[in-house]
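First chain written, first letter: the chains are A, B, C and D, and each begins at residue 1.
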Amino acid sequence: MSEFFSMGGYGSYIWGSYAITAFAMIALLLATLRGLRSSRIERDQLEAVLQSRRPRRNRKSQTGTPTGE
Amino acid sequence: MADFSGSDLTCLRGERLVFGGLSFAAKSGDAVMLRGRNGAGKSSLLRVMAGLLSPRSGQVCWDGESIADDRIAHHARLHYLGHPDAVKPVLSVRDNLRLWGQLRGVQNIEHEIDAALDVLDIHHLARVSGRYLSSGQKRRTALARILMGQSDLWLLDEPTVGLDRESCGEVSRMIADFRARGGIVIYSTHIDLEVDNPTVLDLDEFAIPMVEWLLEHPELDGTSPVSTQEAAQ
Amino acid sequence: MNGFFAILRRDLSLALRQGADSVMVVAFFIVTTTLFPFGVGPEANILARIASGVIWVSALLAAMLSLERVFQTDYEDGTLELLTLSPVSLELLVLGKVLAHWLTTGLPLIIAAPLMALMLNMDQDGFITLMVAMLLGTPALSLIGAIGAALILGARRGGVLVSLLVLPLYIPVLIFGAGAVEAALLGISATAQLQIMAAILLIALAATPFATANAVRQAME
Amino acid sequence: MHRFAKPSVFLKLTDPILPWLAGATAILIAAGLYFALFASPIDYQQGDTVRIMYLHVPAAWMGLFCYVGMAICGAMSLIWKHPLADICARATAPIGATFTALCLITGSLWGEPMWGTWWVWDARLTSMLILLFLYLGYIALVNAFDDPERGSKAGSALALVGAINVPIVKFSVDWWNTLHQPASIVRMDGPAVDPSMQLPLALMILGFTSYYFVVLILRVRLELNERRIRALQLSGMFDERPDHKDAGSRNYEAGHNMEANQ
């Protein structure tokens, strides 16, 4: 097994490049997912505030949409 | 009889909705006064009319043709006066005006410049370079620019800002002469400029509160069409 | 066409009234070129070897230094808005402004370049090719740089940004410019490089005004 | 999914395919890694270091692929005014920049054992370096404006201009490289890629491409959320006193209600 890891003496370069590539791609994916999750949470909060304004407005205006959810 | 009209215009600046479902019509000799609170979109509407800003929906037409089809022709028929005076401090008043005359292909430029300076009685400043002018004099230089070359449409964004009382009178005389020659004037102002029976376009009527608009348009990715009737009813 | 000459005349008169700009560009070019011997050492043969590269890099940086001035002042005082709204096509006006920028920066650089070549101990017979190459190269630099100058209108820290945007696009001009002078120094004919530079200039002349005008219209929105 | 908002067209289109795409990415890359590390032969000349090639070439391919994608989005946004094009270009940039940087890193890691230097001015590596500068220029320009819409528009224009220049830059760098070609450098592409190597290479390229689309969809959703958040924050809905406005003054509320009651 150790012979396999030594990769004909170039082990550090090969495993190094695989490690860097893996790290970069996974980091980019996780950063995107984390950003997406936090933006979704913030958006849901703001949408909730927006919806809280909807009922009062519907009572006054005869918009076709049914009032409330 | 030229007619200048806009139908169902919606204007978005960045994410902020400025106005929606706005329509207007003006014929030769008309004057349209834009009124509305700050941020109601008076300047944005003037820029949409000039073709600088493309509306999110709806279109602006001159004699029935959309202005976006032939941009150069529309530019040839209009004069636009924005807030900045576009006066170069290094150049004299006459040199400042010469470029705009040449761009409009004015034939006897020097004569036209003199005539324009006379109307706004800043002819005595012709040699003075821009940095010595007061803000009122700079505004008059900008106003002199729109007198050069022939045009059918004036779009004036608060033309009288920085002007004293009697020069406002000159501006309204200018507008009256231009309308008499069959021009259309659309202007926004905060002082009551004596213009006889202008049609008033109050932008507050077309202001759709952002909250309402956001309720109607849950997704802002633009793929869902912006139907302003639905928003404005 | 008179719109083109009108904006050209006005921009030239503006530049001449504020004469400092082209003087500053040439001064920057001279100072940058004289920095290299302090770094590399004054040995004549080393300097001669790197002379054409040093002159081209300094000329390129000097040309880029004054790019922001092409549109920024007109953008701030509302002139650019009126130019966009003028009956003359914006592409033509942009070309006029770029030609004015080249006349006030590119041309002085071409005149100053042989002096710098002397200082860097470059062989005499490279001078002609250097000036011809710069005559073809610096207008292309101004044309491509004008796109960057238009793109950064309204951006924060535009000056630094324009150099980051534009430098990668300058590399072909630099490679063939320095290559032409080196070929001349080796005694082989530099026509191939000069022809390619002429091609780059023609492409730039044909394509960049549209990109720049589009960027200016976006800035006016 | 947002509890209130009806899903946009983009979400409807991408929601069903996202899990499949993610699955495909995982399988492709896993298979690619297996063939690259275990099942492929040692190259007679480069020995084991050829395994770095299975990362270097796909990364270079993705760097270029993303930039071409950004140029296409730029064209769609400026010419056909497609509303989502700006956001796709803006979402692609960091992915492309990451792959280009990876290409350079793996290139120098491959170069060190072979030639003893970390960086060699090889035509392809230099072109990728310039491509990285173009990416950085794009990302800097897009973030340099207060109004993100304006930034995206300017970025699209730059991506288009850059795309026209990439072939010219590539041509001039190749010419420059052949002119200054020191004899000793082994050419970057080495021996022709024999069949046994093509399988891992193909798998890795497909894996990277599907990875790109997965991250692109996620980033576009992120941008759409950000845009919606900005709009909501700007809308002044937090203004808590809509009711006791003095009825006399004509203002938003009065204007709206009067209009709504017609």
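Before moving on, here are some points about what is shown:
Rule of thumb we're sticking to: a contact is a pair of C-beta atoms (placed from the backbone, for glycine too) under 8 Å apart; a residue touches a chain by one contact, two chains touch by 3 or more.
Fair warning: this is a prediction, and the values are worked out from it, not measured in the lab.
When every chain is reduced to the mean of its CA atoms, the largest separation from chain D belongs to B.
If you compare A-B with B-C, the chain pair joined by more contacting C-beta pairs is B-C.
The distance from the centre of chain A to the centre of chain B, with each centre set as the mean of the Cα atoms, comes to 45 Å. A separation of 37 Å divides the Cα centre of chain B from that of chain C. Centres computed as Cα averages put chain C at a distance of 31 Å from chain D.
In chain D, 2, 4-5, 150, 228, 232, 235, 237, 256, 260 are the positions where the chain touches two or more neighbouring chains simultaneously. Within chain A, contacts with two or more other chains are made by residues 47, 50, 53, 63.
Residue numbers of chain C whose C-beta contacts span two or more other chains: 221. According to the touch criterion at the top of this document, the contacting chain pairs are A-B, A-D, B-C, B-D, C-D.
Touching chain B in their complex are the following residues of chain C: 2-3, 6-7, 10, 13-14, 17-18, 76-79, 81-89, 220-221.
On the side of chain B, the complex with chain D involves touching residues 14-16, 37, 204-205, 207-214, 218-224, 232-233. Residue ranges of chain D in contact with chain C, taken from their complex: 78, 130, 133-134, 136-137, 140-141, 144-146, 150-151, 153-154, 157-158, 160-162, 164-165, 168-169, 171-173, 175-176, 179. Chain A contributes residues 7-11, 13-14, 16-18, 20-21, 24-25, 28-29, 32-33, 35-36, 39-40, 42-44, 46-51, 53, 56, 60-63, 69 to its touches with chain D in the complex. On the side of chain B, the complex with chain C involves touching residues 50-54, 72, 75-76, 78, 80, 82-88, 90-91, 95, 98-100, 102-105, 145.
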